[in-house]
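The following blocks contain the structures, represented as structure tokens.
Next come two complexes built around subunit A: one with subunit B, the other with subunit C.
Up next is the complex of A and B:
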């Protein structure tokens, strides 16, 4: 039975006077692994920030496990189980890794499984254990990303949302992180991942959404297969010539 | 300068430093956490002294200095919470928060000082010491209450520092100062944490007021000069660091004592400002600070 975990209807959101999302509709089931992709600046991060409460919806509805969460404060949404690992997280520059890991279990829901999750996280990212006395501001990009994801796990998510976890990382670290994320999703936690690397997403996710111009432009549900050519078409625009060249170059 | 004069200046410097450290650490805590300068900090100090006087003094409710001090700390914790909600919270989303809160906290200060003037009248009052009598330190005779200040201040600041460093709430307060979004995404309630930090700083101010009021006088404007000194101390010691502020406090306290001895009371305040300016020219973030 695949219950609806997250449902978004007619969502309009923006920053200041600028509208970014226009009537976004999507539904995510309880056992899903969802990939979000699309061109930069088209609203993927804005969508995540609205779900996690950092942004207030202008119009429309966001429901988590049946409850309306639009406009609730981020800490309340965290207590309900939505854990958002933000893009390019600079964390807490003047706190040590050890202190930050302790903060990972701040939420009430994170208390009971605290020891378990910490062991899990340190097994997944052994490098963090070594770096415990180090200040977050001195970590490398890859280590910061590992710590961010670790914090996500420590908060005991019912839905884990990762915003471009491998952005700007060297290929080797990227692979390490991709493995770790695959491992995490294997444990059964529902996942939403934003990634530029569509190949990685198709390997990981069973549902894909493409966000373009603030709307859901393409939806690939479980069972359907994603034609890479379709994606390339939408990505690079209607001009057949450009799209076709891109397809033949990449395949 | 002979031995007993040196001791005398030293003790005087430590005493001033202790009071400035209490004042400065409260101010620095608010600056580090909320990013604002609380102009009403001196007024909090003054109100702490007045509440302690009303509850404790024989001329008022007469319940004794200990109960007076406890009641003052509790009252100022409450006032700190109220102040944060009314005077600071409405402006958190604004871009010019630092500037706006200069105006709002300054208004708060004027309001509180004039309220105190109406409530308690202009005549100065005295707080009775928690411990009567005199003791000897380094061969100098000082009031037992002054000895109490020398001990209470560093102990209190140490406790606050330990709490900030090792408790989950203390960690959370440091975290929201460094990255508000990430803190919220870990489940921290930023407003509640801001209120806690502000209330704590008000309690520190109230204790400074009680201690100062017991060796000097209690008046509606008693907090003005300490606020100025606390500002100098916090900037001189480094605004980003509570411990740096404490270091700066004792340095300034000792400097002031030495200056009072050699240069006199008249020029000392000017000299202190010159020292602060000179330090900032060489080290813009203060002696121990990071911006």
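Up next is the complex of A and C:
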């Protein structure tokens, strides 16, 4: 059992008058690969945005490496080592790949290991080395995702958060990214990944949380298995069938 | 795009797959004139050459498309969005457009309680329903759908498949660009695979997805078992 890196207790968060997360509790170890899945609009991205300081908790606690971080500014949270690669294309289209890679190591904590991390991402994504002079706006979907993840790695994360990294990607590129992400976590970087493709997620994560109606509805811990039938049952809101003992449903 | 030729038959659901950057969305751009038509070659629709026509004339001829990104008017309500589409280029009053909008939103299973909410704040699957209803409101004969399943959960993809079949039953031919393989396999009558701007395979989906060239270029480990 590894040490706790991130602990969330009784977290409530929302937008304006609308509450999205309701009493979320979860614990992530310092060697974990965590997958988040669940219906759209039920709070997965909201949870990640709260961890990285883009949203303030209404109630509850977020602790990272033993320190309370709920309500801290995103830049302070980045400096502590939580790096969030958001969903969609957030690159500057008129900047080159080379310029963008330099930007990734902007945080103070990232400057000392910059050379080492640059070598790491270029080994992981050799295509980015070939594309250095190219404008980001002209990259393919797969290359854009590689560059976004590379930016995350260049920020020297103690916890890397990826929100739907394979959205809109072709199957083969998706698998290449899955290998690369697995490789990253094999190097000792803990991960939280949101994905709709549960098959992708089960190939990558050792711990899974299903977020439904703003709560952790299901936890699959290392060593437990998650059958596709379970997920389909849960998504459709039906009772669970076979494999009911393989996972624990939280109340 | 390099010397691409194919035919789509009336009533078909014509799937298109291929790696990112292989030319699938460009193909839709060329067919719809958004933002421009082909440099060389012809697009015939219902026997008429529409290549190089401005986008609005192509839309009025009956070729209508959706986009990968949301292309709705964020501050208009869902109902107003479909009304705009229903009234586009046709002499209909707002009352008639409103009735058409409600009928189409019903057909696409759009929840009644959300019809007056701004389109920009809708849940993702309602946005997909709205895009289909808006497309149908322009009375297309050929509807081009660009990655409609992107970002959807597995059950939502299954519901989308059923909506796409409903659109076909309404008499609309469909071309579908998609990476979500269960959707492509479940709805497509014919599948065309592109790579580097060229067609590398075309035929029945099951057969195409076993083609070694398609496995190498596109599917990798996701190839169906032999």
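Here is the rule we go by: the second predicted complex is superposed on the first by the 235 of 251 C-alpha atoms of A that agree within 3 Å, B and C clash if a C-alpha of one lies under 4 Å from a C-alpha of the other, contacts with A are read in each partner's own complex, and residues count from 1 in each chain.
Heads up, the rule we're going with is that contacts are C-beta pairs under 8 Å (C-beta built on N, C-alpha and C of every residue); 3 or more make two chains touch, one makes a residue touch a chain.
Everything quoted here is computed from the prediction, not taken from an experiment.
J.: Aligned on subunit A, subunit B and subunit C: do they clash or fit?
T.: fit
J.: Determine how wide the angle is at the CA centre of subunit A between the CA centres of subunit C and subunit B, giving a multiple of 10 degrees.
T.: Between the subunit B and subunit C centres, as viewed from subunit A, the angle is 80 degrees.
J.: For A:73, using the defined touch cut-off, is the partner it touches subunit B, subunit C, both, or neither? Pick first, second, both or neither.
T.: first
J.: Under the stated touch criterion, which partner chain does A:126 make contact with: subunit B (first), subunit C (second), both, or neither?
T.: Neither partner.
J.: When the two structures are overlaid on chain A, which partner does A:92 contact: first (subunit B), second (subunit C), both, or neither?
T.: first
J.: Once both complexes sit on top of each other, what is the least C-alpha distance from subunit B to subunit C, rounded to whole angstrom?
T.: 14
J.: Where on subunit A do subunit B and subunit C both make contact?
T.: none
J.: Residue numbers of subunit A touching subunit B in their complex, please.
T.: Result: residues 52-54, 73-75, 78-79, 83-86, 89-95, 99, 102-104, 106-110, 151, 155 of subunit A touch subunit B.
J.: Applying the document's contact rule, which stretches of subunit C touch subunit A when the two form their complex?
T.: Where subunit C meets subunit A, its residues are 17-21, 68, 123-125, 147, 150-156, 179, 181, 217-222.
J.: Given the complex with subunit C, which residues does subunit A contribute to the contact?
T.: 37-41, 140-143, 164, 167-176, 196, 198, 231-232, 235-236
J.: Where on subunit B does subunit A make contact in their complex?
T.: Spelled out, the residues of subunit B in touch with subunit A are 168, 171-172, 174-175, 178-179, 181-190.
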